[in-house]
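Which chain is which? They are A, B and C, in the order written, and residues in each are numbered from 1.
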Amino acid sequence: MLTIKNLKAGIADKEILKGFNLSVKPGEVHAIMGPNGSGKSTLANVLAGKPEYTVTDGEVLFAGKDLLDLSPEDRAREGLFLAFQYPVEIPGVSNINFLKTAIAEIRQYKGLPPMEAKDFLKLVKEKQALVELQVTLANRSVNEGFSGGEKKRNEIFQMAVLEPALAILDETDSGLDIDALRIVANGVNKLRSDNRSFIVITHYQRLLEYIVPDFVHVMYEGRIVKSGTKELALELEEKGYDWIKKELSQQVEA
Amino acid sequence: MNTSTTIAEKITPGAVLLPELDVLQTTLAGNEQIRFIRRKALKSFRLQGLPERKNEEYKYSPVAALFRTGRSFPASTHSLTRNDLTPFLVPGMDAFLITIIDGKLSRELSDELKGTPALQLHDLASLEETPSAVFQKHFGADALITADPFIALNTAAFRDVVFIQVPNNARIEKPIHILNIVTAEGAELVNPRILIQVGRNSAIQVIENFIAIGKAEQTLCNALTEIRVGSGSTMLFYKIQDHCKNLSLISTTQVYQDEQSHFDTHTVSLSGNWIRNNLTIVADAEQCETHLNGLFILNNHQHVDNHTLVDHRKPNCESNQLYRGILDDKSTGVFNGKIYVRPDAQKTNAYQSSKNMLLSDDAGMNTKPQLEIYADDVKCSHGSSTGQLDEDALFYLRARGIGADSARALLMFAFTRDVINTIRIEALRTQVEELIEKRLTH
Amino acid sequence: MSKENQLLEEITGTEYKYGFSSDIETETAPKGLDEGTVRFISNKKNEPEWMLELRLKAFRYWLTLEEPRHWAHIEYPRIDFQDIIYYAAPKKNKELKSLDEVDPELLATFAKLGISLEEQKRLSGVQSTIAVDAVIDSVSVKTTFKETLAEKGIIFCSFSEAVQEHPELIKQYMGSVVPYTDNYYAALNAAVFSDGSFCYIPKGVRCPMELSTYFRINTSGTGQFERTLIVADEGAYVSYLEGCTAPMRDENQLHAAVVEIITHKDAEVKYSTVQNWYPGDKEGKGGIYNFVTKRGICLGDNSKISWTQVETGSAITWKYPSVILKGNNSVGAFYSVAVTNNKQQADTGTKMIHLGRNTRSTIISKGISAGFSNNSYRGLVRIAKGATNARNHSQCDSLLMGDKCGAHTFPYIEIKDKTAIVEHEATTSKIGEDQIFYCNQRGIETEKAVALIVNGYCKEVLNQLPMEFAVEAQKLLAISLEGSVG
């Protein structure tokens, strides 16, 4: 599904990812944890193709294609979805119109016929229920006037509608209270399947109680320094990130 | 000669000044450079004439009425003493006092800045003795005579120049307090002229008061202050127009800001018959920060026009304009503010807010907040509102037992708060607060 | 080349869709303007003496004026008023009895523009039917649905016809809102106007369909000077649409129209314009000078006038659709989207003059500048003394695309009554890169994303347009700004 090899990337001459490696198979859920500034969000943005980031080395294969060669929209059309840490507001553009445009473009790219209006509305209604998103999407602009929790739920809702092959959740838990967290996690869990993979980026172990990962990676200074199973997340929670830092410096000394 | 008469005839209202100005120029002090500058300015004034009704910049403040009759230029001697100045000082503020009377520096009523080696105070006489290259370079360099007829007029007719020089790396704790006094009683035209040059990485605070001692009903003061703020320097500049009842005043301030400089100004207009404040900022280097604040509280037939222009020429600068006005009786106010962002000035953040309150049926407010933007990556906005006292708030206060008059005063005072709060010299802030309170409860 | 520049390049490459010219047999007046020209036009139209007198009065007044050149934020060479043809009309030999007699080339022209001059009702139902007055060069060639409207007492015809058939109404209302003394181009228009539309909605009648005038300049070297007059009597309602296009030519052509609206007590007029005159090529060569005076007066209490405009065309646009709020409780509105690209210049806005009590006005202006263009909002809100409890809210936003264009805001706010509440807000910004990336991440390509964001940005204005027009306007916006990124 996704293979990242020795990825080096940064922003404005500052290298942030310093040789990142990861392999994700269909159906797997990978959690990436790490202290602030370790490069977690950079990874998400680089994979999605945010223009201000420059890739200096390495390769990323996604569903057999060179991901780094694709424009951001083509990455999305190929099935890569990023749930933004800070979802953007687009005044005047209704959520419905936004999604309709997205679906139309993706379907056109895949050579599929346009979706019938009634099918589309049915789909929207069904997926809205999934994340308990009660706002009237037709009248409201994309993320405008949404509460923090609504914005995050809207991201998961969009993910549900667009049905990606790989979803990257960038600190989707930040700023959520426990109820909202549970709703978001439920939504994600319902979307888990054998051919859909997830990369869950988080600072805290809390989210992983609800979205149970197959693998947990610890990221530090632009690369993965430790990998394990869900128990690693618990250990991290208990010992804190300083434990990793200490362990690393010991390795260096040794 | 013939041509000049024809031009003079065309500018009917201003023409009455021209014969006087010709004579005046032969009598004024100054070396050859100064005389040359004056002559050039007179030529420019002749060409421009006074702004006509159609002139957009004077649309809401026609000047014709100020020039119906001829005006004389005071060469007065005065008999003021230090004691006479006490009412104009700021209680509790230790400051260097500089007194300008009818456009001429009064050494005896000004403090010696010499005790502070960093500061220098000059007038035309001292510049004659010790010429200053800095003065020669900057005098008249920013306030262009072609930009406005009143700049030309001042430059053609100033008697004296007060030149304050702040060298590099000088942090002056003690504020400089300038009293710009008009003693004239009749149809005189006074042209005070100031140049303040702040070097690099310095800090200075200046307060300028406009004071009319005589009746001044017919008197016009056309003041011009040029300010240069060097890179990394901070200047706070407070213009207080309070003791100038009946005076007509054109007060032009031309500011040039160098890299990473900070200019923070307040214009408080409480008295005066007819006031036009021209405030132009040129932010000609990166990372300049500018704050323009203004407050006017008017009654009777007072007229105050605040005319601002912030010219953003280089990237990454910020400017903020905050003006508040309260108008009673038959007073009229104008806020004409322009934010100009040149193509180079990317990442400019420029804001403007003008709020006004009308208290009487006969008061009027004209607002012209303008944006002229030639760079795309900028954040610029302006907001303007004019309305009455908030009746709901008034009722709320009264329902809590506060009398209607005090409730009204309280709300108006609150309305001025945004501007007053940013006055950083505490003693001055207290004084302004008291003045406002006095105005609002009478 | 950066992506941004590439995209900017693409917009400048966008072709003007309506740039064809039609080979229609045309009768023209000789070039130039003198009293003879005025008489020629009047004579061509077989006008009564009073109308000729009016024209001559306006013409003589115009001669005393100077071409206004300085106050607006626009630049162009002096116009040679002697180098313009003031009258051009498709030739016709006799009165037209039916559509069959209309020159087929002319019908084809309008069909190409998407305007049907045939009165068949659309399948979607009666509501979406639009009555059209089609004006080509100087004259109205066809007004549809006249009979249907006449049943309700509604008069909808060409201005020339109204002069003949309804002289009392023309005498009463023409020039009552925009007198010939108003400005330079209003005087010129009053002297040489050739045609336009007239509409009268009688007391208590709600016009059952949208009325529309479609303006087309075809002949080279001509100026178009039309006049529109809309009168809504007590309690009447009408929604009026105006569309404009012109062929691509190297020369600049002058369009100096006058529109007057009068609403009596409880009446309402909605006037919508989609202005798509030829804007000139990307070097700024050719294009229409659009110097238009539009003004309405809410004469009666509780009456309403709203102007909605989507301005994408013209080399230069100079217009300020205004409302005089004379009746108590009257309401004025101005909703505008103005797009300038390449070397286009627009100086547009409105005037809201509050005279009556409890009058309200709303101004929403969205300016979008791209290429090397300059786009200015200029507006006046005046609250006269005695206009108690007047309210105005103005919102003027500018969007810049690229760093070679300019966006300006020049509001004038004059308040002489203490009970007024007037608020004005303005912002300048560019399309956020994060917004574009967000759309990209959902599979939407940048060009589409820009169109989506721009349409969202203009939504408050587009919402005011009737359905058919809104769709048209959205497409037009997308075409005008295809691929541009701020």
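In this text, a residue touches a chain if its C-beta (ideal position, glycine included) is under 8 Å from a C-beta of that chain, and two chains touch if they have at least 3 such contacts.
Small disclaimer: the values here were computed from a predicted structure and weren't measured.
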{"item": "Most central chain, Cα average position", "value": "C"}
{"item": "Of B-C and A-C, whichever chain pair has more C-beta contact pairs", "value": "B-C"}
{"item": "Interchain centroid distance [CA atoms averaged], subunit A/subunit B, Å", "value": "57"}
{"item": "Inter-centroid spacing, subunit C versus subunit B (mean Cα positions, whole Å)", "value": "44"}
{"item": "Centroid spacing, where centroids are CA-atom means, of subunit A and subunit C in whole angstrom", "value": "49"}
{"item": "List of subunit B residues in touch with subunit C within their complex", "value": "56, 60, 343, 346, 356, 358-388"}
{"item": "In the complex, subunit A residues that touch subunit C", "value": "48-52, 71-73, 75-77, 81-82, 84, 87-93, 97-99, 101-102, 105-106, 109, 141-142, 158, 162"}
{"item": "Residue numbers on subunit C that touch subunit B, as the complex places them", "value": "71, 385, 398, 400-430, 486"}
{"item": "Residues of subunit C defined as touching subunit A within the complex", "value": "3, 432-435, 437-446, 448, 452-453, 455-460"}
